[in-house]
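As written, the chains take the letters A, B, C, D and E, and residue 1 is the first residue of each chain.
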Amino acid sequence: MFQVYLFLFLSCVALFSAMMVLLSKKPIHSVLYLTLTFFALAGHYILLNAQFLAVVHVIVYAGAIMVLFLFTVMLLNLNKEGQFPKTTLVKIIAAIAGGLLFVVLIGSLKSFDLATVSNPAVSQIGLVKNLGKTLFSQYLLPFELSSILFLSAMVGAVMLGKKDKE
Amino acid sequence: METTVTQLQMIPLSYYIIFCTALFTIGVVGVLVKRNALAIFMSVELMLNSANLLLAAFSAYRNDPSGQVFVFFIMVVAAAEIAIGLALLVVVYRSSRTIDINILNRLKW
Amino acid sequence: MYAIITISIVAIIVLFFGAFGKKKMILPVIFVGLPLAFIVNLMGWNQSIHYFNEMYIDDNFTIAFNGLLLFIALLIFVFAPVYYKSVKRPLEDIYALILFSLVGGLMMTAFGNLVMLFLGIETLSLSLYLLAGSKKSDPRSNEAAMKYFLTGSFASGFLLFGIALLYGACGSFNLEDIKLYVIQNQANIPAMFSIGLLLMAVGLAFKVGAAPFHFWIPDVYEGSPTLITTYMATVGKVAAFAAFFRLINSSFGDVDFLWKTSLIVFAVATILIGNFAALYQDSVKRMMAYSGVAHAGYMLIAIIALKGNAAGVLLLYSVSYSIATITAFAVLMMVRKETGSFSIKSFNGLAKHNPTVAFAMTIAMLSLAGIPPLIGFSAKYQLFVSAIEQGQLPLVIIAIVGSMVSVYYYLRPVVAMYFTRSIESTPFEAAKLYKKQILFVALLLIILSFIPGLIINLI
Amino acid sequence: MVMESFSFMQSISFLLLLFPLLGFLAIGLFQKQLNKKLSGIIASAFVFLNLILTFILFWYVSTTNQSVETNLFDWIKFANISIPFAITVDRLSALMLLVVNGVGFLIHVYSIGYMKGDDGVNRFFSYMNLFIFFMLILVLSSNYLMLFIGWEGVGLCSYLLIGFWYKDHANNNAAKKAFIMNRIGDLGFLIGIFMMFHTFGTLNISEVATKVSLMPSGSTALLVITFGLFAGAIGKSAQIPLFTWLPDAMAGPTPVSALIHAATMVTAGVYLVARSSVLFVLSPVTMNFILIIGIFTALISGLIAIYQNDIKKILAYSTVSQLGFMFMALGLGSFSGAMFHLTTHAFFKALLFLAAGSVIHALNQEQDIRKMGGLRKKIPFTFALFAVGAIAISGIPPFAGFFSKEMILSVAYEHGMGMGIIATFISLLTTVYMFRLLFVAFYKPESDAVKTNHHIHESPKVMLIPMAVLALLSMVAGFVQIPALFSTNVNVFENYLSPIFLTAQQLVPASGQNLTVLTEWLTLLIPLTIIAILVYMSYVRFAKDRLPSELSGIQKVMANKFYVDEIYDFCFVKPTEKLSLFFRETVDQSIINRLINSIGNSTLYVGGRIRLLQTGNVGFYLIIMVFSIIAILFFNLIR
Amino acid sequence: MIIALLLILPLFASIFLFTGKTVQQSKNFALLASLAVFVISLVGGYELIVAPEKALFSNVDLESILGVNLLFKIDAISIIFVILTSLLVPIIIASTDKKEHRTPHFFALIMLMQTALIGVFAASDMILFYIFWELALIPIFFITARWGGENARKISIKFLIYTVVGSFFMLIAILYLYTLTPAPHSFSFDSFYQLKLSYSQQIPLFLAFFLAFAIKIPLFPFHSWQVETYNASPVQGSMLLAGIMLKMGLYGIVRFLLPLCSDVVANGSLIFLPLILFGVIYGAVIAISQPHLKKLIAFASLSHVGIIALGLLSNSRYGIEGGILQMFSHGVNVVGFFLCYYMIVKRTKTDKISELGGIASVAPRFATIFMIIVLANVALPLTNSFVGEFLILLGLFTYNKILAIIAGLTIILVAVYMLKMYQKIMFGEKKASTENFTDLTFSEIMLFVPIIIAIFAVGIYPSFVLQLLQSVVK
């Protein structure tokens, strides 16, 4: 049962901090709450015995993405409170939309029969060794092609970032 | 590490589904309520993360590594996406001195 | 497969030349590289090779669509030098991004695994976000890029969630495995599967610009640099449709009850909204954007029909739509250069000063409107036939109603060009080469009008 | 075209059509080149050739009692419809041929003089020959559709000739009116033809007659057919209610009035009914209708004629009245009587018109009789001829009119005393207006206009000689049919036509009672006495004095033609124009066009509204997206 | 062979003319080409007269390349329209005046139009038919919009959209029929004719076809494009429209409505025939008070084609054959009528009837020719319209007597407006605009000669056409 409590705890943390991302007025707070969420999710990954993902997750999200966010906030000096509040109407509509979406999704998914899924006692697939094998055999092509993606992102970021001479 | 989590699969899969759905929904709501582009980016990240976790959970429960590989790719893409998004944000900020998406309405009708 | 490699290498070479300031070398490299890729692409004809554990499937569908994508890209590069005439810098980044996104497009047509689909979509989209904003000094371009990015990444979220659910239901990303799963569980498809499928459909519908996920299209098309708009409207759309078709065709053909109704609703909404909204546009560019929406609706019909020669019909429609769109945008670029405006008024009297260009535009408009005997008509009619054979008469009727409406707005530029005197006497003196290029594309359109059967039977 | 080898008689009947057509084409196509003096001669020559052929044919049919049938070519032929272009010369058509070609020839000759100096003389003669052509088609046709060709063709010529002097819109209006009123009748004719085809499957006159004789009397189909045909006759022969065009038609040159609007075309209606005698006798309702129409027409137009002052108008109303008289005869079943009166009427009415033309010619186009007077001294020859005509038409023995009227009157009396008296009254009306005309124009003291006009002269011989011939005919033609009272042997005319009307006579039950000799004498003598009194009274009243200027109420109504034109104008012309305007302005522009445009505009409007969905606000786009997704998932859930 | 020539000759002429340099040369070339087409069509006609049971046939299976089967068949019905087209096009080309500032493109468009029209009448495959049907719109649209008069631009758009909308209904019907054909589906006429359609299948089919054709013909409530387009179009355009293009719709009725929806036509006639009939009367009544000659022609035409439609839908052989004959006649007459209009407008620069008058006194030759054409329109016996209208009314009469009688009213109304118009224009005293009216020149008369020959030839010997049709109309 310990695992379940852990799961619930991590979930609560994640959901709470995710909510706080939305509710925070200051962008910087949002970013920090988001970091918290990411850490909670990393906990989930560990719980799933997906250590590789957990590590990558922390590196990529908490390490890279969060820094980028913070960097942008600082760079553009966006950290002002109460910026551009949405009207209540929009908030209500958004809340309704979210609620409906949740209800519909859960309503559809709740019937999912667990028995159809194999439930091995110990999942070892999340280990670096296993994942690496898969990644570099079966998923070699996408792996290589993701370099193109990065390259284009890089080129693009440079293009947007640099000042034109004209 | 390998033995610490031997019994974790006792958690029902539906917990993950519900949790991920909730997280996803929060992300969606975040995109909808926020006018700050930065906050919207963050909300999108929440959505992507919920998908990630879901994939990882399915992967673990199915004992199939491809799900987790997919998560890896998603993270790659997410990183690239955020880089591009923030670059765009900077450009927009430069030209209009704000990151409020509501002022993006030159193009309409 | 080799086309992807070729294009990637070309893109990197372009980047290098750019970095070393060899501006003059960039376009020649592209003009060598794209045809080369085209030829390399054709090599796998009729062989159906599966690369890398069915990650990449090089069947005739792939080759035909990739050939089309490469060809469209080539055409767009043909117009690029004139479009960027005033820009002094090498532009290697923009060209490279176009090529990168092309790689994404090539992946999308050929994917055998959802990972490839996802990566392809993202490669294409990310490049397009950047390209849309490539005119940094123009706030409209910025706005387009931002809108595109926001909506696009939001849709990606849904797509991913859908993929996740799908994976949860059937435990694989491989299209073949999914098909196997579908065949085995046809009787009791779990809700997770169907919702995953629908969310994926939503994500793809967003990419193809189907209503009600089309909202980005008019704004982004209008705000982006025209050359990029052309690219988006052709390569982007065709690749997305190829992917959509492949996805549905190779895995979900047997469970059409899951997606058919939704797609029909999308198609109907797209056709109606696209055509009706286009009626009122003053800017031809924006009108073309809505026209793109409307055509997405028609192309959805091919997916709904799915069986028979629907793939061939989709190819035919893509050919007809892309080439006509390129022609129209090429003319539009020229008009914009001359008059500084996209407004319909700037077309006034074009025929008098520049009959060849006006002729090309007319052919393009009539083809888009589906007036016989141009290829646009053949495409539409083949589309309707294949849909009707699947019992989709009501849908076809709505599509035809949409076509009726479309005649009006496609005619407006024609009428402006031929029958309205321009108020200020703009000479419309475009470069001779450019005119020839436009004429070439228009003639291509006419020539293709005589071989629709060939195109359909390719696949 | 199938041209079989023709027999001699067939060739002649074919040539009958060819000559006037040639004349028309020759003069018509070379209008500009042709000498103006020559055209009249050419035209007359062709008609003269026709006249000779007519004599041959007349001799042939009257001696052999055979008809000459010639099939020229198949006109309309497919499936079970076969309408050849065929002509038949039998006794009835031969009689009509005589009238048409005979009177036609005389009037052609007369026209050479009358039209001399007119700019359009070539045009005139080409039209005249065309008229002869169509009239001959009408007379000779062996089926009803071909008859209809001639029927409409003569209408066309009538139209062209009434509006001959086209610079004056009054003439054109008259021409148009004639054509349109004819067309109204023609519609009836067509419907009759349709019904006939529907009922019998053929339009051949003799076949129809054969088939119809087997039918019971009074069937609805027959009623429709005969009413249709009679409607045509009403239009062509200017009967009530379509009679107003004929007086207006006097706008044309006087020879035209003589030929078309007195002698030949207007009698086509009588010919048609006589031709279809078998059909009509089997439809008693129609026969009674014809009788009523005939009586009323004769009465009303006779009354109107009394108060007219235009010489040609008087003659025109007289024509209408005489035609009414003929129809009355037809209605009474006396087909040969009607035909007899038709023939004699052709002579004396043509004569009257020509003489009137001569008067008008002499007076420089003056037609108002009040501005005449004393002409008997100035143009005595014309006066004499006019007087012959007036006497003949008034039915004074021994001129032709007496015999033909007597033939009809006797039938009327046989039908019943009342009918006889009505008929007599009608024929007496003739005397009133004719002698009023005669005395006012020729006896009355000269009007100022006549006095001051020193150019009044007798017409040239080319005009007078035809008139003289007609006068001679008007005097002697009656002796072919002498009333039974005087001699039972001399009924050449009736015998001649008896084969034609044989079937009809057999089918109709002998209705009337035979009159006693005393009654017959009385019915003969009393009218004659009255005529004498009337002539005297007219002389007293009109020869001496000027016409009374003020007319009393009822007289005014009559003088104004019972306001028929005004009524028609109010009931038909004005509403049609209003309707036209209403359709054009209101329905077409305001309703249909606006409706169609509003479909277009509303499409645009919808487009404009849908366009507004594109608010430019990303948040809005996203919300729509999310709700759409929710909807899709929801429908998936509940499915 | 003949079919190929009929289609390719004008098409190549058209393409060649698009590159033409001088107007005069282009006109001569176009005239020559169209005359050649006329001769070829006569040869085709001759072949059909010799063997009326057969049909000229051409089938090139290019479906794998073109996506359409090139299936052509010219039978007796088709040849009448092919001949009509090839007869009128040379006249239309020859009628263009030097002063009108035409360009070589003008003639190219006319030749393209001819290709399309012949294609429509010769096609035996539905999609082919539809392609030519729509193709015919493009040249006429350009002719109208480019060389048209006031508001031509707006009106030509309305015209194009209106008719395209109409033909889309036809497309729906075609596609629906296609699904009904037994697999493998086919678009050929023959496969459609072999269908045994139930009543409930025929009804929607009928509605779609009828709507499409009613707009094209046009029949009563759908006519609003017609008047405006005739009015705005240059006279050659009007001639093409009224003379030939309207016949496409009627031809469609003969080809599709009658054989395919025979039950609906048989049972439903009482519903739509009165509507058409109202349109017939309506057009005629409006023509009475119409102040502009060209619009008058338009409304007259509305009335006339309505009668033809009545005949075709009257469920009787007489009506159908008469209708087909009358289509030919109407084509000839209306072109003649427009030519007369053109002669007047060329000289006086006005088509307001009230501003004209007295022309007959200065131009007797013109007066005569105009009179003949007016009389042909009035359907006087021995002119071409008479036989057609007679048969139509006869057919209608056998179907329903009341309708026939009401339809017969038009023969009165037509006389009213035609004679009124003729009188006001030609008779009376000269007016300012007609003061210097010159009579027709030799070349102008030559334009009318074929028309007048056609008027009398058909009027005097219609059997030639009727018997040709006999083998086809059933």
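Here is the rule we use: a contact is a pair of C-beta atoms (placed from the backbone, for glycine too) under 8 Å apart; a residue touches a chain by one contact, two chains touch by 3 or more.
These figures come from a predicted structure and were not determined experimentally.
**Q** Enter the minimum step count from chain A to chain E; a value of 1 means the two chains touch.
**A** The fewest steps needed to get from chain A to chain E is 2.
**Q** If we look at chain B and chain C, which chains touch each of them?
**A** Output, common partners of chain B and chain C: A, D.
**Q** Which chain wins if you rank chains by how close their C-alpha centre is to the centre of all protein C-alpha atoms?
**A** E
**Q** With chain centres defined as mean CA positions, report which chain is farthest from chain A.
**A** Chain centre farthest from chain A's centre: D.
**Q** Taking contacts as defined above, which has more of them, C-E or A-B?
**A** So, comparing the two chain pairs, more contacts are at A-B.
**Q** CA centre of chain A versus CA centre of chain C: separation in Å?
**A** 31
**Q** Taking the mean of the C-alpha atoms as each chain's centre, how many Å separate chain D from chain E?
**A** 37
**Q** Find the geometric centre of each of chain A and chain D from their Cα atoms only, then give the gap between the two centres in Å, rounded to an integer.
**A** Result: the chain centres lie 103 Å from each other.
**Q** Could you state the distance in Å from the CA-based centre of chain C to that of chain D?
**A** 78
**Q** Which residues belonging to chain A are in contact with no fewer than two other chains?
**A** Residues 86, 90, 93-94, 97, 101, 105, 108-109, 112, 117, 138-139, 142, 146, 149, 152-153, 156-157, 160 of chain A touch two or more partner chains.
**Q** Taking each residue of chain E in turn, which ones touch at least two of the other chains?
**A** 161 - these are the residues of chain E that touch more than one other chain.
**Q** Mind pulling the chain D residues that touch 2 or more other chains?
**A** Residues 600, 611, 614, 616, 618-619, 622-623, 626, 629, 633, 636-637 of chain D each touch two or more of the other chains.
**Q** Which pairs of chains touch each other?
**A** Pairs flagged as touching, ordered by label: A-B, A-C, A-D, B-C, B-D, C-D, C-E, D-E.
**Q** Taking the touch rule as given, give the residues of chain C at its contact with chain B in the complex, in rising order.
**A** Touching chain B from chain C are residues 114-115, 118-119, 122, 126, 129-130, 133, 136-137, 139-140, 142-147, 149-150, 153-154, 156-158, 160-161, 163-165, 167-168, 171-173, 218-220, 222-223, 280.
**Q** Which residues of chain A touch chain B in the complex?
**A** Touch residues, chain A against chain B: 1, 3-4, 7, 11, 14-15, 18-19, 21-22, 27, 30-31, 34, 37-38, 41, 44-53, 56-57, 60-61, 64-65, 68-69, 71-73, 75-76, 78, 83-86, 90-91, 93-95, 97-99, 101-102, 105-106, 109-110, 112, 114, 117-127, 130-131, 133-135, 138-139, 142-143, 146, 149-150, 152-154, 156-157, 160-161.
**Q** Within their complex, state which residues of chain E touch chain D.
**A** So the residues of chain E touching chain D come out as 158, 161-162, 221-225, 227, 282, 285-290, 317-318, 321, 358, 360-361, 364, 368, 375, 380-382, 386-387, 390-391, 393-394, 397-398, 401, 404-405, 408-409, 411-412, 415-416, 419-420, 423, 426-429, 460-463, 466-467, 469-470.
**Q** Over in the complex, which chain B residues touch chain A? Could you list them?
**A** 1-2, 5-15, 17-19, 21-30, 32-36, 38-39, 41-43, 45-46, 49, 52-53, 56-66, 68-69, 71-73, 75-84, 86-91, 93, 98-100, 102
**Q** Touching residues of chain D toward chain C in the complex: what are they?
**A** Residues 600, 603-604, 606-608, 610-611, 613-614, 616, 618, 620-622, 624-625, 628-629, 632-633, 635-637.
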